[in-house]
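A short worksheet on the structure shown next.
Per-chain numbering from 1; labels A, B, C and D assigned in written order.
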Amino acid sequence: MNTSINKQEQNGAIIAVKTNVRDTINDFFKKTMEKGIFDAILIPMQVPAGDSFVYVLLKDSSLLKDASPLSPIMSVQGAKAVSSITRLGKGHMKIAAFLRPCETRATIELTKLEQTNLDNITLISMDCPGVMPISDYIEDPTKAMKLFENAIKNEDDTIMRPVCQICDKSSMVAGDLHIGLLGAKKDTFFIIPSSEKGKQVLSDLDITVKDNIDSWTSKTQAKAEEKQKKRKKAHKELRLKTGALDNFLDTFAQCINCHNCMRVCPVCYCRVCYFDSDKVKHPSEDYLQKAESKGSIRFLPDTSLFQMGRMTHMSLSCVSCGSCEDACPMSIPVAQVFSMIADETQELFNYNAGRSLEDPLPLKAYKEDELREMEDDHD
Amino acid sequence: MTEKFEPRIVGFLCNWCSYAGADLAGSSKLKVPSSLIPIRVMCSSRVDPVLVLTALLQGADGVLVAGCHPGDCHYDEGNYYARRRFAVLKKVIESLGLESGRLRLSWVSASEGQRFADVVTEFNEKIKKMGPNPMKKKSSL
Amino acid sequence: MKDKDNTTDVLVIGAGIAGIQASLMLSKSGRQIHVVEKTSYTGGSTIKFEEVFSNMECSTCMLAPIQQEFLQDKNIHLHTLAEVEEIKGTLGNFSVEINKKARYVDMVNCIGCNACFEPCPVSTKNEFEEGLSKRKAIYVPCAGALPNVPMIDTSLCLRFKGKNCQACQEACMFEAIDFNQKDQKIKLDVGSIIVATGFNIFDSTKTPQYGYGKIDDVYTAFEFERLYASNGPTEGKIQLKNGKSPKSAAIIHCVGRDTIGYCSSVCCLYSLKFNHYLKSKIPEIKIFEFYTDLCIPGKLHQKFYEKMRDAGTKLIRSSDINMTKQGQGITISYSDESKKKSSLLVEMVLLAPALVPKEDASTLAKTLGIPVDDYGFYKEENQDISTIMTSKPGIFIVGCSQGPKDIQHSVSQASAAVGKILSSS
Amino acid sequence: MDRKIGVYICECGPNISEKIDIDKVIEAVSSLKDVVIVEKYKLLCSEDGKNFLKEQIKKHNITHLVVAACSPREHQQTFMNVCENAGINPYLFQLVNIREQCAWITEDKEEATKKAIKLTKAAIKRIYYHTPLEKKQIDSNPDVLVIGGGIAGIEASLQLAKPDRKVYLVEKTSSLGGLVKNFEKTYPDMIPSAPFIQQKIEKVHKNPNITIFTDSEVTGILGFFGNFEVKVNQLAAENKTTDFDVGAVILATGSTLFDPRKSPQYNYGTVDNVITALDFEQMNLTGKIVLKNGKPPKSAAIIHCVGRDKKGYCSEICCMYSLKFIRYLKEKIPGILVTNFYSDLCIPGKSHQKFYEQTLGKNVEFKRAENIEIHKKGEQLDIKYRDENGNTNKSLVDMVILSPALEVPSDSSTLGEFLGISQDDGNFFIEEHEKLSPVSTSTEGVYLAGCTQGPKSIPDTITQAEAVTGKILSSLIPGKKIEPEVKVSYISESFCIGCKTCLDVCSYGCITFNEVKKISVVNEVICRGCGNCVAACPSGAATLKHFTFRQLYQELSEAVQ
């Protein structure tokens, strides 16, 4: 299974950092707008109150100075932003979307599901250090910001969200351009084109792509491998936690059926969730009958159906971005469970959510001779 | 388990092959465990994973999805899609450490009355060994 | 221009896959169809097959739905156990007389519960199962046969031998069994006729070199089809006379070809199908195919052949094949491609006999007033142009009664005949 | 609405009554909601039984009928007819199979009874959610578009064109007749083909109900069975486009020969006097078979199976027409030595071996050969090959005729896209069902005739053309409306998010995408009601009528009680 980079070029361009990475990136976008390469930039920005970050579609390049490419939290999953802009058509603006790798991959999935249109969108990602749990950040934004910056400096992910700590795709290149921070010499970073679109952007900016990026490649690969070990270990522990019915129920016991996890999930693209629809609402006698056969039933009902159903519906496109866990008011480790399920279901079809637009969605295709182990009794 | 356990098995049978196979088992007077309650669908590809999941959560001790053999689907390719959907659901259940053995996908053709009987008998025996589906009694489900 | 007394009804002779398809299409267009079937069941030869080449589709699954449709169709009037006795007239107004033998079981009352079999004291070889299993004097050929209504074999039934047996009648709760049924002569007026009477396979006893009938475990195509059939005598278990499953088998192509003088066009393919049958049930089995020229025409079949070949079958281009029993096995001696003599030992031999006309094809041809060709198949008016038109306007020949062919070609001919009929009247 | 459910249990003589305690069943379901009457009867499928049901329905004003008897495959239709006669919608009915799948497979009477109760309860719960379904009737256009003016297209057009059915015949080249025009004679009876084909072409031109477009191609086809919109582009008439509507489309675009240049070992196109089967037919048609230098050849070789290795299938007719070529050669150049290089002689069918045997004789040789190479040697051609004993041999001839495989030109794919039908790796169009519907396609109303479906002989091509007319004449009748399947899929506008998953899984192209609303729409006329799209839709926007989630849910929740 490919864990880090796949479409990446042999070479990239080394960009010198002026004051700091953030300003340099913003500066980069400023240039693209001045040159008319992009009409607008989709990028995170701190809200005036300072206690959160949101995506803005930025048309006035002078505002770029306030953009925060490296925001400490993921309050809105970027793919959702891209989708809301382009779901009903590409529109006339050329837009650069600056997203984290997981957001980029979710965007790829949504594109295969006809929920975004990338014709006029250039996807730009960068090495992701992870983000903090929103709850931690909100407590004391200023303190959190410092912690976050130090964490990045010391490449320490302990303050990041659990799913970020086991993310083996934090440098996976799925979009058009990628900004590589890891393995770069002091006061520089790499910019790596990974598609024709990406190359075009760089050549329009007269940036030549011939610098060697091996240091980045080896660093990110090493990181990916280390993270994958962690991920496997974490999933094993998790399975012990959820394994067997009771553990599963304990894990999801606090679920209040608010469906926040579904609402913030980038790849839950349905207009109305199957599990909000009338299909799962029953006449009272059915509940009485259920109560009779089970002894009692909890309300709101069908939380397990919702959780497991969502896993069967969405795990194939899950990019383990963690939004669901951030959104859970009962702090259920939804994202961690999903990342475990997703790894398993995607492996069935050697599929890797968001890896590439070319891989067909597993449930839209089939092979005549496959999955024989699923037939009859194989366990 | 002291008192006799009678499994409750839901069987989604495709109209053209498996349901016909089940009928043939009948007209050949074969013995098939009465634990299987057949539900006729036009094609195994109609079987929505959520339906299977629902059955399981409501306490079905086993769920059988049966359709035409690969290549025989009355609608060309329905069973191939059915197999992928089934695989995902089964994998989810398995990954959660739950009893994926309670789910079974089998191909039974219209001429395989005997095979239908065998499949159900075998599945029924297995379920008996597994015992009742614990979800049946879990009020929190 | 139609005369006023012309009829658009159609007579279809034979309720095999060709006859069924033709009837269903004609019915869709609103025609009335009379189907005359010699046996007690529908589906012809195809229902004897478990799978059909080259996609190895389940034959019953393919047929059962159209058989059901055929039997429930209000425009289709099926006469089983019936044969055409006389035909007068011409295109647009043929008058046909058929002889419908008594089934002695009422088609309406019988609900197909089979309660009548068990008490019947008579037992004999089941022809449908190629004698590999037994049946009673009252019987259906196999489980799942359609219509699912038994018949009484008067040549065996004690009652028809003067004894006072009524075991079956007593067992039937539906007053379905009626010993007083009489053979009927039925007169039909039809505008056109489709002949779809199918084929026989070459009688392998006429090729003694293969030892059929003398050596155990030498099987003909139909015998092996039933041996593999999941609704057949062994429920699909491939086994030798001694009950063991064979470790090696030989498939002999072109059985009877030099006697009859033509290539039957399906033998190579169904031989490859047998190969698949064997492999799917006994993966480790050794298989040898003895052939002269491999004839696998058409866009689909070579891939199938390659699959079988690559699965490890040994294909031997050979001549002068001869078989002798040797202990538990069978020795096959032959000359190979370079005329070198050699031999090998196998446990099972499957013969792939040629397709030949039905035994009564020429009789029916006379009744119909159409010629047969040198081989006894019904003759086309101009074989370079049309495969279904006979010298007699309004009479069409389809399926293997016109010549050996696979199901696809039979079905094409059936719908072609329908096309001719619907476009001309 | 006030629902009145009648439940009737068939004893089926002893078949059910002896195996199931019917009274227990009656007792168990009588008290269920809306059940107004539960009765047993000795044999419901009998005439008396049907009348009894009809009377009961009237007598108790039954709105929903449940019958517990045999398999739906046996008597579903029977009882649906009873419903119709008794004036209730046949889809407000549910048949419970307590015979084949209960009484007949269960030894213990108690168990059987328990199961029968479950099944009957399930059916009653299910029927709560049944809705009446009405047969639709759709107007259809009986006219037909025939693409390809070869023998298949001609035959089909002639059989279909009638005052009440127009045929539009579109041919890419400037004249009708296709490949057959090149053949002097047809095998096996060696009948001159010119009179036959010419007469047919005349008939087509004379027929007032056939509109012929030569030098034209189809540039667009939209719609579905009974209602296609066609665009034809006439290259001759400076790309004038004509639009018209038809109800069915016949694809009879035929095939071409494999290009031997792709197998360089034959040196076709590089050395003189190596010609293809078609070159030879055309040369023979002129009456003179001659070499480049104008002299008749003294010896000729015919190479079978040219390109078979590359195409991966046997083209069925090459051996036969190669035999025909021997006849041509013998007839025009008595005493010529003809050698056939072949691998397997494929002459299927009753009269072909005779043709072969009669072709054998003096100066006719057959050599089983492999690894054939052809090189120039002086004025002659040197054929190098491996014989059946594995030895390499040579043989010198004046002329070499290549018998190439048949293939469908790759430019046919655009048509395939218009029509939503796929092609196999030989480019041949894929039929709906290999056995049962060799001339239909997965797109209803689109048919295949001739070599476009697979390599075949002239008679087989004509047979297919006739077969297609059979299909069309029986299903697309002037003035008669099309009655589509009732139990079809339906996609809810308010739930569909337009992810197109259903489009991708539908085998019959029944689902189209509304680009304005960005949602999927089922075409009820061609939907076959498998329900694949329903299970594929994560939003639950798709529903299969009569097999809705709710209906199946009721069945299963009863099953697990």
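We adopt the following convention: a residue touches a chain if its C-beta (ideal position, glycine included) is under 8 Å from a C-beta of that chain, and two chains touch if they have at least 3 such contacts.
Since the model is a prediction, treat every value here as computed from it, not as a measurement.
Chemist: With centres defined from CA atoms, tell me which chain sits nearest the overall protein centre.
Modeler: Central by C-alpha mean position: chain D.
Chemist: Of the chain pairs B-C and C-D, which one is connected by the greater count of C-beta contacts?
Modeler: If we tally the C-beta pairs in contact for B-C and C-D, the bigger total goes to C-D.
Chemist: For subunit B and subunit C, let me know how many angstrom lie between their CA-based centres, rounded off.
Modeler: 35
Chemist: Averaging only over C-alpha atoms, locate the centres of subunit C and subunit D and give their separation in whole Å.
Modeler: Result: the chain centres lie 24 Å from each other.
Chemist: How many Å are there between the centre of subunit A and the centre of subunit D, using C-alpha atoms for each centre?
Modeler: Taking the mean C-alpha position of each chain, the two centres sit 46 Å apart.
Chemist: Distance from the CA centroid of subunit A to that of subunit C, rounded to the nearest Å?
Modeler: The mean C-alpha positions of subunit A and subunit C differ by 62 Å.
Chemist: Residue numbers in subunit C touching 2 or more other chains?
Modeler: Within subunit C, residues 55, 57, 62, 112 contact more than one other chain.
Chemist: Could you list which residues of subunit B touch at least two other chains?
Modeler: Within subunit B, the residues that touch at least two other chains are 20, 27, 29, 49-50, 54, 58-59, 71, 74, 77, 81, 85, 136.
Chemist: Going through subunit A residue by residue, note those that touch at least 2 other chains and give them in order.
Modeler: In subunit A, residues 274, 279, 293, 363 touch at least two other chains, as defined above.
Chemist: How are the chains arranged in terms of who touches whom: line, ring, star, complete or other?
Modeler: If you draw each chain as a dot and join those that touch, the picture is no line, ring, star or complete graph.
Chemist: With touch defined as at the top, which chains are paired up in contact here?
Modeler: Pairs of chains that touch one another: A-B, A-D, B-C, B-D, C-D.
Chemist: Given the complex with subunit B, which residues does subunit C contribute to the contact?
Modeler: 50, 55-62, 64-65, 112, 114, 143-144, 148, 229-231, 235-236
Chemist: Report the residues of subunit C in contact with subunit D in the complex, numbered from low to high.
Modeler: 17, 21, 25-26, 28-30, 52, 54-55, 57, 62, 66, 68, 72, 108-109, 111-113, 115, 173-174, 261-265, 293-303, 306, 317, 337-338, 373-375, 377, 382-388, 403-405, 407-409, 411-420, 422-423
Chemist: Which of the residues in subunit A come into contact with subunit B in the complex?
Modeler: My answer: residues 239, 242-245, 247-249, 253, 274, 279, 290, 293-298, 302, 304-305, 308-309, 311-312, 315-316, 337, 340-341, 344-345, 348-349, 362-363, 366-371, 374-377, 379.
Chemist: What part of subunit D is in contact with subunit B in the complex they form?
Modeler: Going through subunit D, the ones touching subunit B are 71-73, 97, 99-102, 104-108, 111-112, 114-115, 118-119, 122, 442, 487, 505, 507-508, 528-532, 534-536, 540, 544, 547, 549, 552-553, 555-561.
Chemist: Taking the complex as given, what residues does subunit A use to touch subunit D?
Modeler: 87-88, 113-115, 269-274, 277, 279, 285-286, 289, 293, 313-314, 361, 363-365
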